[in-house]
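Chain nomenclature is as follows: A, B, C, D, E, F, G and H, assigned in order of appearance, with residue numbering initiated at 1 for each chain independently.
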Amino acid sequence: MKVYLSGEIHTDWRERIIDGSKDLDVTFSSPVTDHAASDDCGVAILGEEPNKFWHDHKGAKVNAIRTRHGLENADIVVVRFGEKYKQWNAAFDAGMAAALGKPLIVLSMPEHQHALKEIHGAALAAAEEPEQVVQILRYVLTGKLPT
Amino acid sequence: MKVYLSGEIHTDWRERIIDGSKDLDVTFSSPVTDHAASDDCGVAILGEEPNKFWHDHKGAKVNAIRTRHGLENADIVVVRFGEKYKQWNAAFDAGMAAALGKPLIVLSMPEHQHALKEIHGAALAAAEEPEQVVQILRYVLTGKLPT
Amino acid sequence: MKVYLSGEIHTDWRERIIDGSKDLDVTFSSPVTDHAASDDCGVAILGEEPNKFWHDHKGAKVNAIRTRHGLENADIVVVRFGEKYKQWNAAFDAGMAAALGKPLIVLSMPEHQHALKEIHGAALAAAEEPEQVVQILRYVLTGKLPT
Amino acid sequence: MKVYLSGEIHTDWRERIIDGSKDLDVTFSSPVTDHAASDDCGVAILGEEPNKFWHDHKGAKVNAIRTRHGLENADIVVVRFGEKYKQWNAAFDAGMAAALGKPLIVLSMPEHQHALKEIHGAALAAAEEPEQVVQILRYVLTGKLPT
Amino acid sequence: MKVYLSGEIHTDWRERIIDGSKDLDVTFSSPVTDHAASDDCGVAILGEEPNKFWHDHKGAKVNAIRTRHGLENADIVVVRFGEKYKQWNAAFDAGMAAALGKPLIVLSMPEHQHALKEIHGAALAAAEEPEQVVQILRYVLTGKLPT
Amino acid sequence: MKVYLSGEIHTDWRERIIDGSKDLDVTFSSPVTDHAASDDCGVAILGEEPNKFWHDHKGAKVNAIRTRHGLENADIVVVRFGEKYKQWNAAFDAGMAAALGKPLIVLSMPEHQHALKEIHGAALAAAEEPEQVVQILRYVLTGKLPT
Amino acid sequence: MKVYLSGEIHTDWRERIIDGSKDLDVTFSSPVTDHAASDDCGVAILGEEPNKFWHDHKGAKVNAIRTRHGLENADIVVVRFGEKYKQWNAAFDAGMAAALGKPLIVLSMPEHQHALKEIHGAALAAAEEPEQVVQILRYVLTGKLPT
Amino acid sequence: MKVYLSGEIHTDWRERIIDGSKDLDVTFSSPVTDHAASDDCGVAILGEEPNKFWHDHKGAKVNAIRTRHGLENADIVVVRFGEKYKQWNAAFDAGMAAALGKPLIVLSMPEHQHALKEIHGAALAAAEEPEQVVQILRYVLTGKLPT
């Protein structure tokens, strides 16, 4: 089963999910989580832009080659909303996952519950801890519940 | 041409677009913009929920009946990001529009440029004023540019 | 907006929804609700069958011409589970609606809650009374909540 | 060839099909058939719910991650209707399979023939014994008929 | 409801269906039934071809502009197999209709039953007389059976 | 590359294509070519039918489990029209292949050219000998032309 | 019937088709054919760009809102290749039309035959004069050939 | 990851991309780049044509079996526009890639910038050197930027 891990790149939630799933037949993919590389990939490869909008634009599109592939090929999409920043790209990915009919698991904090209500409404699970995502994956693959 | 106006519900941007487009053959749709009704529609119709999560969940799903219809039937989707709040539902709608192949126009503020780079990367136009959206609609429909 | 009313054909729930929606811009469609005609349409038109399986088979397929058209062209699908019978055709229609991405409203009785959990999980609203369906349609179309 | 075995979880029909197909190049998948785990998976992983509706709702959605994956990735969908219970989830799966264009085999009892006529109308085979399903799979894969 | 009438062009079956459906809300479309025009349309418009294969090829493609439009926009496809000729285009249209998920009604003669078994297997009705098609259309639209 | 070999089952054209392609990375699939098994599979597995129409109907549907899988999973569809019989199932498969956007190769006899013009119009190649099909497969896979 | 007229904007071919089709039930759409407006629409509405690449990029995307709508909503796509310029946008539109399954009519000059062979291979008609396109439309709609 | 390399066949750009990507998990496909074989494949296999249009037509369709397979199965499509010729087939492939939602990388020369603006508008990257394409592939697969 292929799982795409979208969203927040500042904490170790991906590692916790990947580590916890070591015994499961799951392949994970994710966006590039090196923030600087992700921001500069467009201009680093395709040439400098004096205007920040186009600097970002070039980078966003190069990143999209990777992220859409991950998303479109996933059997399950997990989207993590962290503590800080606008995180509109996470919500955007959730929207794409929903429109593509991908099972969506949202990993978020209780204080964001109201702001995420539309996305929770489209999700099949709303978790608060990466370990819950691991438990879902284990249950989905093996039928075993946490004891 | 059918245009869906998604996103921020606290300023008059929808009115400015609709007013400016009076002479054009466009039909607009939008989510319910009465904030209180939008928040409470689920429990008002389907019964109270003591838990805020399910209160919101019921409402988000009833609203989804309207918003997905508007989005899926639109020829163009405009998503407005305003000054305040998380606005993850706006970004979620942008993701759905992108995945559905809908032409996407983003209406946002310069200070949000970096946070919106992925969504701008998927959009066909990034405007800052509702009047620019009107000008796009006029050009798309009549070929006339602003003078 | 086109609404398909699937399921139970023994009570007046369709009439109550249609009557309550008279002021709304909604077009309703439904299966043939004349039980005898629905059971016999296949053999009445295409010839008798001594074997009940084929009698039913012919009829089910002729009915499918109507029901799939109604379902596939609907903007919203309402599925009613009544008091009696197996009602597998209602659940089948709900599955088709879900796979086609149609917004699904389930109208059912509290005692069937557990048996309907998978279908409720795929639905955008779970109502118990036809009047609630009318309220949803009114809210979706006009933004007005019941007072 | 991938075969999804949907429906009734109280008898050994899955085992009989899987055992009978040992010499065939078939991979089987199915929902979680541990009734208690299936009922409680949502709250066991994502937190208790005092209200039975939401208890079931959470579980139904976690199960849907598994069942939709199985259904959407199947080359053939077998749906078994057993002796007891409402079994609306089985009929719901049959509807999803039909809408997704999956070849559908129904495994049911003669006394349910009339109630299943719409689902039989959408199926490519209506069997009464698991061994017939095995014979169909053997024929489809090898061209050999039972002797 | 839009009905496409495909197949045999030598008898009056289309007229009998259209005449019999005068009181119904149905729009019919069909291929060009003027045999000579249908055979020569390609070369008459786009230039002569000395080779019969390309003469036919040009015509078949110009006709396809019309026939695929009719087929793809139809709610119901009726395919008539007549007494004579290979009629592979009729069977080809039936295959397209099946793959597009269109409800298919076959109108054919008893002596062709065995040769048509695959197409009957994909159809929702197998009729022998045009009047039966009218009865199906009437039932589908109004719920009325022949008396 | 997966190639589905549809149509005529009385001559050795499949063997000639498969033999000729031994050095190519191609997987072939086909309908069951044992005529008797193909005709009787429905009743042999699912029970006798006194009426020939339903005898054939049951068989056609069981065969469809195999043939649609082969067709839908193919990268290329080859349809052979032989000397005798109605062969409407071959033309039906060609129509399905066309509607599914599968590259279609027709293998037929010169005397059938006019009757096949619509199907040739939808095909990417019209061959007369199985060896030409092999040459096409070799060219498509390796870029080598016959010498 | 909706016809999209893509390609060359320097001669009167669109007028000749539209004039010739006055008696037919056809609605035409096209890109903006005012060359200057088409080139500058992006910057005129959304702000100047010092870099010609982004000047063009903004314009190309605003134009895409119109052209994709025209293309995706068309029943028939006509693509005209004229005498001069690269005309890669015309070929690009032809590729989109082909991938979307739209019937494609190419209007081009004899000297471009070899360069257009792949596009002709995907088209249903290859014409040299606008009047031939009118004749095709007339035949497709009325069955009448030129006399 | 599967990458389809479409377009110009006269320089060594494909080799430079393939060589540069040796350490990456990428599979490349491309059209037949032997110009003579590509031009003559149709008639070499399926028989001579005196008319150049049909000579080319047969070849274009045989080539389409290969190119559409490559394009439709690709995760990324790279289209190269070279110095000479009309190259409408390259632009056609870009249009197909765009309509199929494939991530598109354009490899072209600065002097073609204006002529390619519509295609650049649909692309996720516009590169001038094959090595930039390699850098994009490396970044997409490993997250590493050129140093």
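In the analysis below, a contact is a pair of C-beta atoms (placed from the backbone, for glycine too) under 8 Å apart; a residue touches a chain by one contact, two chains touch by 3 or more.
Please read these numbers as outputs of a predicted model, since none were measured by experiment.
Participant: So which of A-H, E-F or C-D matches F-H, with over half of the contact pairs the same residue numbers?
Facilitator: It is A-H that repeats the F-H interface.
Participant: Report the chain whose mean Cα position is at the greatest distance from that of chain F.
Facilitator: Measuring from the centre of chain F, the most distant chain centre belongs to B.
Participant: In terms of C-beta pairs in contact, which of A-H and C-D ranks higher?
Facilitator: Most C-beta pairs in contact, of the two: C-D.
Participant: Can you compute the centre-to-centre distance for chain C and chain G, using the mean CA position of each chain? Integer Å is fine.
Facilitator: Distance between chain centres, rounded to whole Å: 44 Å.
Participant: Would you mind pulling out the distance in Å between where the CA atoms of chain D average out and where those of chain F do?
Facilitator: So the centre of chain D lies 31 Å away from the centre of chain F.
Participant: Once you find the CA centre of chain A and the CA centre of chain B, what distance in Å lies between them?
Facilitator: Distance between chain centres: 23 Å.
Participant: Which parts of chain B, given as residue numbers and ranges, touch two or more other chains?
Facilitator: Each of 61, 64, 126 in chain B touches at least two other chains.
Participant: Under the definition above, what is the set of chain C residues touching chain B in their complex?
Facilitator: Chain C residues touching chain B: 1, 75-76, 103, 105, 124-127, 132, 135-136, 139-141, 143-146.
Participant: For the complex, which residues does chain B have touching chain A?
Facilitator: Interface residues on the chain B side: 52-53, 56-57, 59-61, 63-64, 67, 81, 85-100, 112-122, 126.
Participant: Please output the residues of chain B touching chain C within their complex, sorted ascending.
Facilitator: 32-34, 37, 40-42, 44-46, 58, 61-62, 64-66, 68-69
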